[in-house]
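Below are two complexes that have chain A in common, paired first with chain B and then with chain C.
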Partner chain A sequence: MAKLTIDGVAIEVPDGTRLFDACTQVRGEALPHFCYHPDLSIAGVCRLCQVEIEGAPKLTIACNTVVRDGMVVHTRSERVRRAARQILEMHLINHPVDCPICDQAGECGLQDQYMIHGLYASEVAKSDKVLKLKAQPIGPHVILDKERCVLCSRCVRFCQEITKTGELGIFQRGDRAEIGVAPDRQLDNNYSLNTVDICPVGALTSRDFRFQKRVWLLRSVPSICPGCATGCNIRIDHEGGQVWRLRPRRNDAVNGPWMCDTGRLEYKRLHAGDRLSRPLVRRDGELREVEWREAWPELEQRLTAGKGKLALANPHQTVEELWLFKRLAGLFCGEDLTAGCLAGSDAAEGDQFLLDADRSPNRAALARLGLAARAPAQAAAQAVAGAPVLVYGGDPALADPALAAALGAAELIYFGTRLNATASRARIVVPLAMWAEKAGLFLNRQGRLQALRAAIARPETAREDWRFLAELLTRLGAGPQPATLALLRAEVGAAFGLPAAQDLDALPAEGLVLAPVTGAPAGGGR
Partner chain B sequence: MPRDDCRILSARFGRRDGHKLAVYEADGGYRALRKALTSMTPVAVRDEVKAAGLRGRGGAGFPTGVKWGFVPAGASTVYFMVNADESEPGTFKDRWIMDYDPHAMIEGAILSSYAVGARLCFIYIRGEFGWLIDRVQKAVDEAYAAGYLGRGILGSAYELEMLVHKGAGAYICGEETGLINSVEGRKGQPSIKPPFPAVQGFLRQPTIVNNVETVAAVPYIVREGAATYRRHGTEKSPGTKLWSVSGPVRRPGVYELPLGLPFREFFTQDLGGMADGEELKAVIVGGSSVPVLTADEIMGVNLDYESLAEAGTMLGSGGMIVVPSRCDMVELIQVLMHFYWDESCGQCTPCREGTGWLHKIVKRLRTGAGAPSDVELLERVCDGMMGLTICPLADAAVMPMRSFLQKFRHEFVALAHRPEIAQPRSRWARQTNEVVR
Partner chain C sequence: METTRIPAGTPVPGRPDSFRDVIYVWEVLRGLGITIRHLIRNCLHMKDLPTLQYPDEKRVYGPRFRGRHRLTQREDGSPRCVACMMCSTVCPAGCIHIIAAEHPDRRIEKYPAVYEIDLLRCVYCGLCEEACPCDAIRLDTGVYEIVADRRDKFVVGKEFLLNERERGTL
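Up next, the complex of A and B:
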């Protein structure tokens, strides 16, 4: 441990701590900085985090300094403030100050520092500004504005150190220096949008989000990416009932501060056109919209008409939903429990970093709840013609032609959000909520429980999944069901063998890792 | 006329075929190496250089033996690099060594490599020195052929490979970490310190980088001993220094002087005073990066590290630029500011943006487009650059700029207040073929 004094406050930090981080601890806010990033190597080029260390003749950058016992540091002295102000001015002299048309406005390091230091009068002649290229697409998702760039090199280091793809570099020197893409390359790795996140200014912007929304209008909800089994922690930025972008949220046990582009663009499917909003019932061969009061009796009648042979869930539903679904399937299929999920669904190519080959967020929960995977052919064999079949979410009809035919011939009941190949073969379709419209838990590939939170409202006529399932169970005579999500989670927690004191409404920040189940199906049903 | 009483580095300047191995050997060359390899341990060589008080001649003046001592004890892989990226404006001394006496540098590099435990040595020569690269490469080949390089040098267990590396003509590669990055094949720009190269340099191994002139003094020190070396110079600035003198003096050129010599004596006796019709206005004494001294100031100083520091400037590289009174100081600083703007590597913000800004303001003043506030603005920009960057290039631009503003302020103020007196076309440029951009 090292004892040091920062701004008159004595603190003790572990040996090897970066002075930058020790300063943050004391100040309650980080020193001004552009190039420092805790997950990247130290560049030391923005020169903004200069502090005064007693005994050192010059100011020292805190990001490249390791604490020493007995250090006396000043971060708010007049000398430090003046240096920060002067260096900030240097950052600004060739900046175009085109904030009114810049997507970074509102979350821009230059703007923030400018407000702190109050450099209201520009001393640089307009004609003295160095002009550089603006709005150059450098990859499928990212656009570069060289004028706005402060050359902090975070994006370059990200591509060298995190993705190890090395697409970006700094070309030329002096005030002609600029970020660029290596010859014959594009910034086309699947993590390219992280460069937009770490860019402290508006030099790198997302081609997807560009010009869509002013960031100060956005509201942000912490949630979990539904794109794959990794379960990256995210923020859902939404406004006006619409999600505008997803951003990674730091969880060092899962995704660090990053997420992949595939996951980031997952939100687009929320607003795709084939959304189910009202119950559908097949009449005269056509699926027709009906009111819920008409749908309920139809649903009850179909679910109790005969013993179902097949109830298929899918790994995009939350833990709580699957828990209730399993209960429903027990009722529906009786002792002859053939509930499960489709094997091999959502399989794609993964990478060695965050994107998992399993593009579903909750497959581990299926396994833990005993909703075993079955092959499409097996499922097709169980979907007996004329007998009721229950499918909850997903699109199994798309997985296999034989299964599609079998589902079409059976009395198919579909709960879901999309009018897809499966829904369009159903006798009755129940509209439920999408992932950004509901709360729930996902169990990721590490066996870590993480919480999904509702960001936007579902269509008024669609139901929140767990409430619908609970009501349906009650109507079917399964007795009283949990009246709140908290009570439902308590049931799930008990089933998972968690202590009663474990409140699943308040998971630890890094999520809750469940102890492996002995005797659980190996491989989690992948 | 070079002084005959202290010719350590320049003894062989002008010697016919002096760059050839046979002539160098006939003049006593490689005797120091033989002595070291047969009778001295590496530590003994280092201690001798430390005792001699030899200081880095590239500009910083850091004690060479002390620098060598920073290599961690027991380091298994150490590299040695000779910094021959001589590109400080006004400095042209190392090229004389490489031109006339390349073997002195090579012998010094072998001795230095031996002292620090290096088995691979680079000689990093700036790209514009095409003919010197050929000359040094030939000398290295000769040294290999004669067994001064390679395995088992002079029958000892010591082995050393030496590579001549051609730079691409960037001033910043003369900064030691920029040089190391350049040799590694990276962009030539300095690295943040710590770690220092002596601990973690080339390929993350301990690396010592020394200037050509520093290295070339080592054979003499090893051969004659520290005490003999210290007979020259002063107590705190021992030995001799090469000075490259440019400007309208009667005898410009490269001179070797004992440190501590009064400038007045050097100026009147060696340089022969100003050329006919010229009057001394100022001297930039240690290469373009140091504060300028006025004629009055320079006449009172001695040419050694301490006296020059006391006078508010630095010995630097010994690139002495003599400025005549007909020279427009604003124009001169414009040339220098153009240089630093052009050569800034661009990684640190204060330097990247500041050098360009300084150049633009000075240029504006010079062309009659300036405003009275520009003089204060120049000072403010300097404040935002000095001491705030990874390497000293920003400081190197600020030091002359500030001293010009301080000592020749009236010339800046006159231009700012009376832009009509501006002479965008340069008298000076016509005389020196200097391109003023």
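Up next, the complex of A and C:
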């Protein structure tokens, strides 16, 4: 441990701590900085985090200094303030100050620092500024504005150290120095949008989000990416009932501060067409929109206990939903005829970093709930013509033509969100909520329970999955069902063998790792 | 300050109504007298009348009067607006709707594909013009006659606001 004094406050930190982090601890806010990033190497190029260390002849950058016992540091002295202001003025010499058209405005390091440390009148005329290339696409997702760049080199270090692809570099010298892509390359790795996140200014912006919304209008909800089994922690930025972008949220146990581009663009599927909003019932060979009061008797009649031949869930549903669905399926067709998913569904190519080959967020929960996978052929054999079959979400008809034919011939009841190939073959279609519209838990590939939160509202006539399932169970005579999500979670927690004191409504920030399953899978329905 | 609540139905203190008050005729005649006095005075001094013969005569407002909005133009006639959304952010009535798009000129970069103002919602506070970093919106037309025969006509678009001077009414 090293004992030092920062701004008159004595503090003890472990040896090897960066002075930057020690200062953050004392100040409660970070020192001004552009180039420092806790997950990247130290570059020390922006010179903004200079502090005064007693005994040192000059100001020292805190990011590249390790604490020493007995250090006396000043971060708010007049000398430090003046230095920050002068450095900032240097950074802004050739900056175009085009904030009105810059997507970064509102979450920009330059804007923030200028309001704190700058507030001087510029001594550089606009006509004297060095002009550089603006609005240049450098890859499928990223657009580069060289004028706005402060050459902090975060993006360059990201591509060298995190993705190890090395597409970016700093070219030229002096005030002509600029970020650029290596000759004949593109910034086309699957993590390229992280450079947009770490860019402290508006030099790198997202082509997808470009000009869509001003950031100060967005509201943010912490949630979990539904794109693959990794379960990266994200923020859903939404406004006006629409999701505009997803951003990674730091969780060092899962994704660090990063996420992949595939997951980041996952929100687009929320607003794709063919959304189900009203219950559909097949009448005279056609699916017709009906009111819920008409749909309920149809559902009760077709889901009569013990008549079903197949119930098929899928790993995109939350833990709570799967738990209730398992109970429903047990009533409907018995556990032998219940399947958690189709074998090989959602398989795609993964990488060694965050993107998993399993593109479903909750497959681990299926195993834990004892919902086994079925081969499509096996599922097709179970779906007997004329017999009731229940499918919950997904589009299994797309997976296999034989299964599609069998589902078409069976009396298919579909719970889901889209009028896809499966839904269009159904007798009854029930509209439910999509992942950004509901709360729930996902169990990722590490066996870590993480909480999904609702960001936007579902269509008024669609139901929240667990409420619908609970009501259906009650109507089918399965006895009283949990009345709140908290009670439902308590049931699930007990089934997972968690202590009763474990509140699943308030998971730890890093998620809750479940102990590996030993012996028989957790017991299912009542 | 503390206020005391007076229960409903409490009689108002004062002089009790006299016979003259009750028959009302005296007060009617007295009121008519005042009206006739004004009529005669106005007929003799027409110049002092505060009434304007609108629409033949119109009141002249000061140069800082905030009338209907207009969008200023660049030299080539395109809007100066860069769709930064400052105006729609600051607008207390939420009456400005902008959809931004990519401008073919990289030096301009961003322009409003849609710029709509709902004149019925607008409170003419002028905050939009104050917030604008490009002097693209002004309320200096002096137009206060904002009339139309359908509600949807009050939502005016970019074309209208740009060519405001040529267009008289909605």
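By our rule, the second predicted complex is superposed on the first by the 510 of 526 C-alpha atoms of A that agree within 3 Å, B and C clash if a C-alpha of one lies under 4 Å from a C-alpha of the other, contacts with A are read in each partner's own complex, and residues count from 1 in each chain.
FYI, contacts are C-beta pairs under 8 Å (C-beta built on N, C-alpha and C of every residue); 3 or more make two chains touch, one makes a residue touch a chain.
This one's a predicted model, so the numbers in the text were calculated from it and none came from an experiment.
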Clash or fit: chain B against chain C, after overlaying the two structures on chain A?
fit
Looking at the overlay, what does A:Lys58 touch: chain B (first), chain C (second), both, or neither?
first
Go through the superposed model and pick first if A:Phe211 touches only chain B, second if only chain C, both, or neither.
second
Quick one: chain B or chain C, who's touching more of chain A?
B
Have a look at where A:Val124 lands relative to chain B and chain C in the superposition and call it first, second, both or neither.
first
Does the superposition put A:Gln378 against chain B (first), chain C (second), both, or neither?
neither
Scan A:Pro100 for contacts with chain B and chain C and give back first, second, both or neither.
second
Counting only touches as set out at the top, which of chain B and chain C does A:Ala135 meet: first, second, both, neither?
second
Least Cα gap, in Å, left between chain B and chain C after the two complexes are fitted on chain A:
22
Where on chain A do chain B and chain C both make contact?
none
Contact residues on chain B for chain A in the complex?
170, 172, 187, 189, 192, 194, 341-350, 352-357, 360-361, 364, 377, 380, 383-385, 387-390
Going by the contact rule set out above, which residues of chain C touch chain A in the complex?
82-86, 89, 100-102, 106-107, 109-110, 133-134
Can you list the residues on chain A that touch chain C in the complex?
98-101, 105, 133-135, 210-212, 214, 216-217
Sites on chain A touched by chain B in the complex:
42-48, 50, 58-59, 61, 64, 82-83, 86-87, 89-91, 93-94, 123-125, 128, 130, 150-151, 153, 170, 172-177
